[in-house]
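Shared between the two complexes below is chain A, which has chain B as its partner in the first and chain C in the second.
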Partner chain A sequence: MRVAVLLKQVPDTTAKIGVSGSRVDESAITKWSISPYDEYALESAIALKESGADELVAITFGPQRASKCLTEAAAVGADRLIHIVTDADFMDSCTVQSILSSAIERSECDIVLCGKQAADTNSGSTGPGVASLLGYSCVGSVTEVSMDGGKLSATRLGATGLERIEVSGPCVFTFDKGEVELRRPNVRGIMMAKKKPIESIGIEDLGIEIGSPRASLKSHSSPPEKPPGQRFEGAGSIEIVVGKLRDEANVI
Partner chain B sequence: MDITIISEASNESLHPVTAQLVGAASSIGGQISVICPGGVGSPEAAKISGVSKVISVEGDCFDSYDCMAWSNAIVPFIDGDLVLTSSSAIGREMSSAIAAKKGFPVVQDITSLNDGISVSRSIFSGKAIEEVEVSLPCALSVRANTFQPAEGGGNAEISTVNVSEEVSVAVKEALAKAGERLDVAEADIVISGGRGMGDPSNFSHLYEVADEIGAAVGASRAAVDTWEEIPHSMQVGQTGKTVTPSLYIAVGISGAIQHLAGMRSSKYILAINKDPEAPIFGVADYGIVASWEESIPALKEHLSAIMSD
Partner chain C sequence: MAYEALDFYDIDSLLTDEERMIRDVVRDWVEERILPNIEDACREGVFPDEWRAEIGEMGILGAPLKGYGCPGLSYTAYGLICQELERGDSGVRSFASVQGSLAMYPIWDFGSEEQKEKYLPGMASGELVGCFGLTEPDYGSNPGDMLTKAEDKGDYFLLNGAKMWITNGTIADLAVVWAKLDGVIRGFIVEKEDEGFTAPEMKGKHSLKASITSELVFQDCKIPKDRILPDVRGLRGPFSCLNNARFGISWGAVGAAQSCFNSAKEYALSRIQFGHPIASFQLVQNKLSWMLREITKGQLLAYHLGKKKDDGTWIPEQISLAKMNNVDMALEIARMSRDIHGANGILDEYPVMRHMANLESVKTYEGTHDIHNLILGRHITGIQSFTREP
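The block that comes next holds the complex of A and B.
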């Protein structure tokens, strides 16, 4: 069993997002991190490796700076690092998914772990889309995956509650935030990771045909500013405010 | 343009977001058909005005949720060049899997839809908005409560098809039942507590207020991370849920940037916090500087009085 984990580098969730010239101003973002849900996927991927998976391949798709995700993954146990380099600021789902599926296929991984959505685009298309293209099963909103004698079982948040499922055959798991504690790399891990080679490839190296774009970004904008609100002091003002909620805002 | 809507189910009946999907579809025209996975809610879907046909896709594969089995079963019945789903977890997975199988692009969680096809959606959990142009055919998932629902009074023909699909995901054990309560992402009023609530047991006071006004109860990331009694499913903000209710009540929440991102697009915001400098007041329409201990009983009393008027 070979495990791939898909890691996306996004602005840290504490970052302010500014817009300049109808595009998000990336130059103002000082801290980039692995997308939070992908971190849970990485944690589970390491656990799978510890319980006997043959290899853990970390894959990222993005500009040069994104290679930092891979080094971080290596520091906690990823065996092989693949960076598909692109400078494109926007790609449609068809393109992203065919590139990632092709990279997974080339690395011969039958288990794929990723976040349920990225913290920048908030979409959640990649996991199920990649599974569909590869012909794998897909289990979403997972908080934990474990392997027992070649069988994979997972805990997922289903429509009726938390449930344990079993899956047969190759599968993509998309991760939600779970109870699992994320491990931090130790010094030795960090030193080893610095030496680990990153296989840096271009989209053209994947040998797939990329069609013309099917979706394009027209603009980014900031959410509308709100006028300053009304301020009240003390719990005695609750009655007035409740009246305003009814008569002014008409929301109750 | 023909539009295919994949209906959303909730407790074995049709989820109200389905009528909103029909409303969104009607705004750009075309013949509208609704596919009901597992047949759930098909009689109700047929009554939505503007729907021309309902396809009830039934079979054993719909007994429990398997993204691939469901999408494989549904794909053969999609004839529209625009596919709409809700942007719930299952809705997003369906739109994405169907799109990939049909070779369509997909755009998730849209909040506006115009001819062309041009859509807008929030990114960075609400810190910015993006406008995207998508070529047909395509799949879109739609955020709940952003489109006017289509009205009732329809009388569409229902055709039932029986399918069989290979299922690869087997549910072995139910570990915890989902709460009976409304989900924060779907509720029209949300009341959320932060670490300022002091102790997770104090959330019971928020539930009491919520019960008065039919609200869902949410929490800040700080509360979820600090107290294991507060599940992540309640978390509003960048690593939780983005919400856009008519009224958002924040109690004892200071307003970290990640939290503000997830709730600032609410129509009205009421913030209650004892710290007059709390950043939450910067986005609040109504800000009350007071402790929750004093405010919540008063809030419950006055809301209760209004609701019984």
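The block that comes next holds the complex of A and C.
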């Protein structure tokens, strides 16, 4: 059994975001990290490897800087690192899914783990999309996956409570934030990761014909400005503030 | 908001990818584990045992040492580790400095094969804690005159004497103790359970409150013959350990200064007096600009010294200069930052007063500020002025 974990590099949730024109200025972002839900997928993927999976392949699709995600994954235990390099600014979800599925197929992984959505786009389409292209089953918003013999089972918070789902055959699991503590890489892991080669490939190496995308970016603008905050001064305004907190904000 | 360390001259671009990754692992750990808990640890005067275990798990102890389970990192990586730990608290950096540079290093450099195999792997993983006993109640800057002595009793050594100001002493599983055997300074490994050995904690510190400081008392302490460090004699033993620790301190001080600078900058931008942020006043800007200038110089000094350590082209006087300069600038920045914070500067809500009090110890240990001046004075003039006797 081979496990693939899909990792997307996104601006760190604590990074300062600058705007130039109507866009987030990516060149000004100083800290990029693995998307938080993907980190849970990675943690679970390492656990699967520890309980007997043959190989853990970490895959990322993104610009040159994204290779850092792979080194980080190697530092905590990924065996093989695949970087599909792109400089594209925007790519529709279907194209991204076909690129990732083709990389998963090439590396012959039958279990795929990824975040339920990426922290930057929040679109949530990658996992299910990849599953449908590969013809794998898909279990969404899981918090844990374990392997017993050849059988995989996952825990997810369903409509009525915690569900334990058992799957047979190839499957994609998308991850929600769980209770598990994420392991931090240690120095030995980092030094080993440094020696691990990253297979850097282009979209053309995957034999994918991108063609004309079915969805394309039509225009781009800033989200509407939030109304400015209100300011009250002096003891005389206490009553107004209390009223607003009670009637408008509903917080007291 | 993510911590953005002051890096005016882009030292970051001079680092390797692994160095940056190691730095970030330690930085994140300090952010998550030290900063939210340090004030409690200081108030209670403890070095929480989880910190020991987690520092061990990160694999950063004895950073530049190779083999025997040690990380084998560059001196620059070791420096970065110290910088990040001390950005949290000098006491946390002290734990790592003592363990790596003062306890593991002498065993690694001067120990027998058996000693290395017995102690180093456990010390690298943090399971065994070490301390370094050089200073005595009556001999600080001049350890050469120490009174602690060892006698060869045939089957064993007998140690008598007392050490003072020993970091990690009470929590240590083993102590590297410097004592005179037939008048010559030698290193001995004393284990926690050895008969006649106690390590009572020293209480009442206003500085390095989250670091354990102890006395080591040897009263007819019997230790097996195989616990002497075979390969070094004289002050060269302890001094070569101090070189490594002092190097780490020159980076650590930068971390403490960066923390004080950030706090001062944020505070100055948000504090309004006379209708304007105090950051808009020229006198305050002058202070911030001075901090930026001194930290940047300190960083370049530490970085270049790291390269020289890696190349093996350094001399001890260069380490003296870096330790002395960087601790001095960090202490001055802590004081200035405290001043910019006004009354708030004395509260534990801000890190500055804690750094300031810590740095007073850092200025004194590992060779006082003036002892480093004397080392440089001797280097410049060829005349030693430590003592009146030639």
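The definition used in the following text is that the second predicted complex is superposed on the first by the 216 of 252 C-alpha atoms of A that agree within 3 Å, B and C clash if a C-alpha of one lies under 4 Å from a C-alpha of the other, contacts with A are read in each partner's own complex, and residues count from 1 in each chain.
In this text, a contact is a pair of C-beta atoms (placed from the backbone, for glycine too) under 8 Å apart; a residue touches a chain by one contact, two chains touch by 3 or more.
Fair warning: this is a prediction, and the values are worked out from it, not measured in the lab.
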First, second, both or neither for A:T71, with chain B first and chain C second: second
First, second, both or neither for A:D247, with chain B first and chain C second: neither
Contacts of A:K16 with chain B and chain C, given as first, second, both or neither: both
Which superposed partner A:P185 touches (first chain B, second chain C, both, neither): second
Contacts of A:D87 with chain B and chain C, given as first, second, both or neither: neither
Chain B versus chain C as contact partner of A:K31, first or second or both or neither: second
Most chain A residues touched (candidates chain B, chain C): B
Touching partner for A:E204 - first (chain B), second (chain C), both, neither: neither
Residues of chain A at both interfaces, chain B in one complex, chain C in the other: 14-16
Chain A contact footprint on chain B (complex, rising order): 9, 64-68, 71, 89-90, 92-93, 95-97, 99-101, 103-109, 118, 121-135, 138, 168-178, 189, 213, 228, 232-233, 235, 238-240, 242, 246-247, 256-258, 264-265, 267-270, 281, 283-291, 294-295, 298-299, 302-303, 306-307
Touch list for chain C against partner chain A, complex: 1-2, 4, 17-18, 21-22, 25, 28-29, 57-60, 63, 71-73
Chain A residues touching chain C - in the complex, by the definition given at the top: 12, 14-16, 30-31, 68, 71-72, 75, 184-191, 193-194
Contact footprint of chain B on chain A as seen in their complex: 11, 13-17, 19, 24, 36-37, 92-94, 97, 116-117, 119-133, 136-141, 153, 155, 157-169, 171, 176-179, 214-223, 226, 229-239, 241-246, 249, 251-252
